[in-house]
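The structure under discussion is supplied below as structure tokens; questions concerning it will follow.
First chain written, first letter: the chains are A, B, C, D and E, and each begins at residue 1.
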């Protein structure tokens, strides 16, 4: 049994989210919205953590991939799903669900392709240079979307509206679980420790036979793919999306979750995604002081817990196992 | 925020902070004033009105969440807001699905009210205003106009689109189309290019924040032709910042501060004594959106969704601050536009253009 | 031809203001190796300080000839913001000095948000007019060319500050200590450098430069509001990276390149078929292209680490 | 001149020193030897203020300097050539030397002392304008020592100066150390793995093991001690 | 082309500086060769050239008949060349065991997909990797430290771990850059034994850069001496010890082994 614990955890989590999903109609719409936002933020943060935390690259453009995914998935849903659903056997819940999944995956793939296009040339840049290039890419995506025709496929500055609210508890948490599983499994193997090696010392990693470029690109593309999925979920949750919503500040928000959670620590990042999303709701009562309180909390957190909520200590985990 | 037997809870979503806070705060001030007035006058249906305002930080995604919060947590009977069309579009399907009537004070994009029969607005829509300004320009004999659009604002893009359509179709020539993004401060490049086209006027469809600077820089570059614009220009800071450069420019608006009708003067006076500044269009629209809602509640004698919806839809010739408002079949306000001009540092009324 | 020349001048002046903001950015980065996202917000505070001072001094300033008034307001705002910068460093960044670098980045984002939203609360969201500290009247308008006094003054001040800053960093002992500290803070204390003093100095200087940027920017574009620092801050950041982050002449060069290309794209959007709305992305496209071919920026040294 | 009493130091939860006491008299060369991880470098770091001690006292010239910041300690003319050289990689050799003289005011003295350093290590003069980071390991070591000498030390701490240095130069460096000690009257605390050489030039030695002093005595005695020979001198 | 490593007229310039100049020498399979020379002679640079960190300005390097320059470091490692670094470069956030396992990627038959499915084959492979890594650590007496963070070890152990990690890539040629630096004489003795032992056990060729003459003379079969990037002598330890040029440039006096 123990040998398959990861797979079992995965299946259990999927089942639970399906179960909750069945009763989600009775959940208060607002609370459901928060829960789904939590799930989407988990996907965003865990996938960014693969790039920034585990592989030690520094991307400030995650929102761009989210945008690509959101637009890709929404355009599919708006333009094509009416044709696809009959092919899948009519307008039942099942066919709609599959069409939605296809939309999400299309969004993810679009984002992954963008990730590859951006990653290939730019991943040889180091640290802050990579950060600014990804941030720049983020802004370029936004500007391009913003300058599209208002009545065209992308909807110009107003973006897309009337996207059906397909995002359910099941889809969100199933994908969040898969994201956690994939990132966790990738990193937690002999092959995957290459990501960590690249982070710690690229020169040494190369000299140990690790193809550093491939690792970096793999991390980047995987991260982008999941960001794209999250974007698709987001679009089908909010039902409208606009370019401005995916500006670099959105990327910052995701980076904040990652660092607050603890770079390279999946559990920490998940926790941070939950806490920050919920905190955001709590702080509403502070009204115009809300962002002031939030920024102070951020500063204090960094001073009090610089290593993040749950820092990653891979060598400690190991110790427990071998003991 | 408990639901009390003796109050009617109304929700409002506004950008009180963030980069469009200047619009959200104005419309909120107007809305709040209307609520205070009605409560002072004894409320509605024997109950006080309780306004629950949620800030969406000018951020995408937030408006939808807070709309859900207001509907499911605060159990609001009606929803007011948002100024920005993008965010109103987030709220509209939620209000529609919940059967809670929503009135947007200032979202001018035609798509907003397409969300369903529970979604209304009290402002005019982009096609109308774009057309009005085109008519006005043509009427002045300006055949060559250059356009400067804020591509970050769907509002500006919309105005430009409809201005362009009408103007070109009616014998005008567009000498140049330039754009910028809100937040930009330097427009010299665009203006230099525009200057080369030698236009009779420049249609600047964006918001006052940038337009004031555009005017200043246009004059620096020796461009003397007037600038034209829409209700997005309406703010006292237009003249404060633009100063002399704004002289002789025209814009369309819902109302004029200078309008001597007692209702408007009273509104202006009250607002000014409370907020230390003259009300701008957003404030007036926020005020009217609440007033129209109250009027409908009174007529419906109920706050139940369908009844209230029908009562709002039946609004005809309501004398608001922003004009005589009637809601059409598409739940959009039809009302005349006034054209204002800046003269000796004051905004003065020139003419009214009916729909 | 005239139009092209005018556009080039527009670009030059626009670029010089980017360069001015980028100077402080790049210097703080060069010494402390972290992106101070709050730089743009200190820039904004600089403009508001100047506005406040101008109001407070009222008739006193009004009676001075404008260059005197400008110097008074400029220097005073720089001083106020320098103190503010030192305070921010002491309160928010100091304790993180030995922590991971990315934490400081988050703190910087926090500081930035704090300043922006506090300012929105204090000053209101609506833009305010900024006094005409430097006349924006045309200096010479030969034919179709116009250059305003303000533009020329800003260009001159930028050049002067560039030279002064370069001198401080390359030729003074404090400058050497700043560079040494950036390379190895442990070793620098072993040389007798009081790191805290050097860092405070760096922040103070950086903030003063930001404030100067804010005041001059507001003089050119006389409307200020709490979020006015975000966009120029970002552009300055791009300029700094483009020139090779940490490299002072590089920042100036980067600023000019961005200013000029952006202006040309906007100005000739119809001719080249790129709507001017895309110009917002132009800075980033240039940045990416240049970094792909020159990964450490135009003037940045390739920091090849010896293996 | 320098007295350390019962020094305890830890890195987080790891205790590195458990009560080290030692004395370095004026004008002497004293050496610390010990296996890897014994705490030699930690002792030097504590002396120059780079790590804070948990308890214990450090007295220099009669004043307690235990809690002083590193730059304050340097200003009392205690200079430290740290483990791993720590040259300023992007500064030139020349600028590194100028940094070494950061607290020195006397220009003439600096010029003279720079000449002296170039005389000790001619390679540095050849490479005056090379970025220090691109120099070879041994070259960087020379620079680190030279840089410390420009701090006008009365008390010099050297952490493994022979590490990575070619034999010819090791000899030269040790000769220089003796020379500096004699000519400039410098007191020297030397940490070395090359214990034979270190004991040859020093007058007194301490043997550290897992954070405490195992043995101490005049260098000649230590060198003759069979236990020391077996454990540290390679038989 | 013969087996083993062969450098032919290799030159590299850094700006005006010729760090390595027309250098030729070779290392046959199973040979243990020393590379010595004064500080800054270009020894580490030679390592960097062989392992693809630098590309020579001119000249050629072959390993087992295959040309090396232009290949990426990881490709060269896969060809069978591994190295340690003069300035220790361990993966600082990984445990000792993981440092070694990470270097065993070449052993893996399956990559990313496998680590996602985590089937029995994956488990078997992981177990094998762990076993081999522990074996190697054991040789160097580091097995007990397997769960320690690499950076919290003392200097000498870190040097040893570097060697283990290099060995874990299963090289045919091992490049050691000052492995004995920072060790005391008795530790150096142990290290000499270890180097001899692994050379025999894994049938390695070794190229050793070291300033400790006892170590170099004690274990090398042949020694090449460089100065200012040029080879000034090559021969058996005996020959080198009394080579006048070497004595003048490097040794100072002749040393006995």
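Please note the rule applied: a contact is a pair of C-beta atoms (placed from the backbone, for glycine too) under 8 Å apart; a residue touches a chain by one contact, two chains touch by 3 or more.
All figures in this text were calculated on a predicted structure; none of them were measured in a lab.
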Checklist entry - Which one of the chains is farthest from chain C, going by Cα centres? => result E
Checklist outcome for this item: The chain pair with the larger count of contacting C-beta pairs, comparing A-B against B-C, is B-C
Checklist entry - What whole-Å value do you get for the distance between chain A and chain E if each is reduced to the mean of its CA atoms? => result 41
Next on the checklist: Taking the mean of the CA coordinates per chain, how far is chain B from chain D in Å?
Outcome noted: 74
Next on the checklist: What's the distance between the Cα centroids of chain A and chain D, rounded to whole Å?
Outcome noted: 51
Next on the checklist: Between chain C and chain D, what distance separates the C-alpha centroids? Give it in angstrom.
Outcome noted: 43
Item to check | Multi-chain contact residues (two or more partners), chain B | outcome: 17, 151, 179, 181
Checklist entry - Residues of chain E that touch two or more other chains: which are they? => result 44, 53, 85, 87, 89
Next on the checklist: Quick check on chain D: which residues sit in contact with 2+ other chains?
Outcome noted: 134
Item to check | Pairs of chains, among all present, that meet the touch criterion | outcome: A-B, A-C, A-E, B-C, C-D, C-E, D-E
Checklist outcome for this item: Listed in rising order, chain A residues that touch chain C in their complex are 52, 58, 121-122, 124-126, 128-129, 131-133, 135-137, 139-140, 142-144, 146-147, 203, 248, 252, 255-256, 259-260, 263, 288-289, 291-292, 294-296, 298-299, 302-303, 306-307
Checklist entry - Which of the residues in chain D come into contact with chain E in the complex? => result 14, 33, 35-37, 83-84, 123, 130, 134-139, 141-142, 160, 163-171, 193-196, 230-235
Checklist outcome for this item: Counting only contacts in the complex, chain A reaches chain E at residues 3-4, 6-7, 181-182, 185-186, 188-194, 196-197, 199-201, 203-213, 218, 264, 312, 314-316, 318-319, 322
Item to check | Touch list for chain B against partner chain C, complex | outcome: 17, 19, 21-22, 25, 149, 151, 176-181, 183-186, 188-190, 192-193, 195-196, 209, 212-213, 216, 220-222, 235, 237, 240-241, 243
Checklist entry - If you look only at chain C, which of its residues touch chain B in the complex? => result 3, 6-7, 10-11, 13-14, 117, 120, 124-129, 136, 138, 141, 144, 146, 148, 217, 220-223, 225, 227-228, 230-232, 262-264, 266-270, 275-277, 279-280
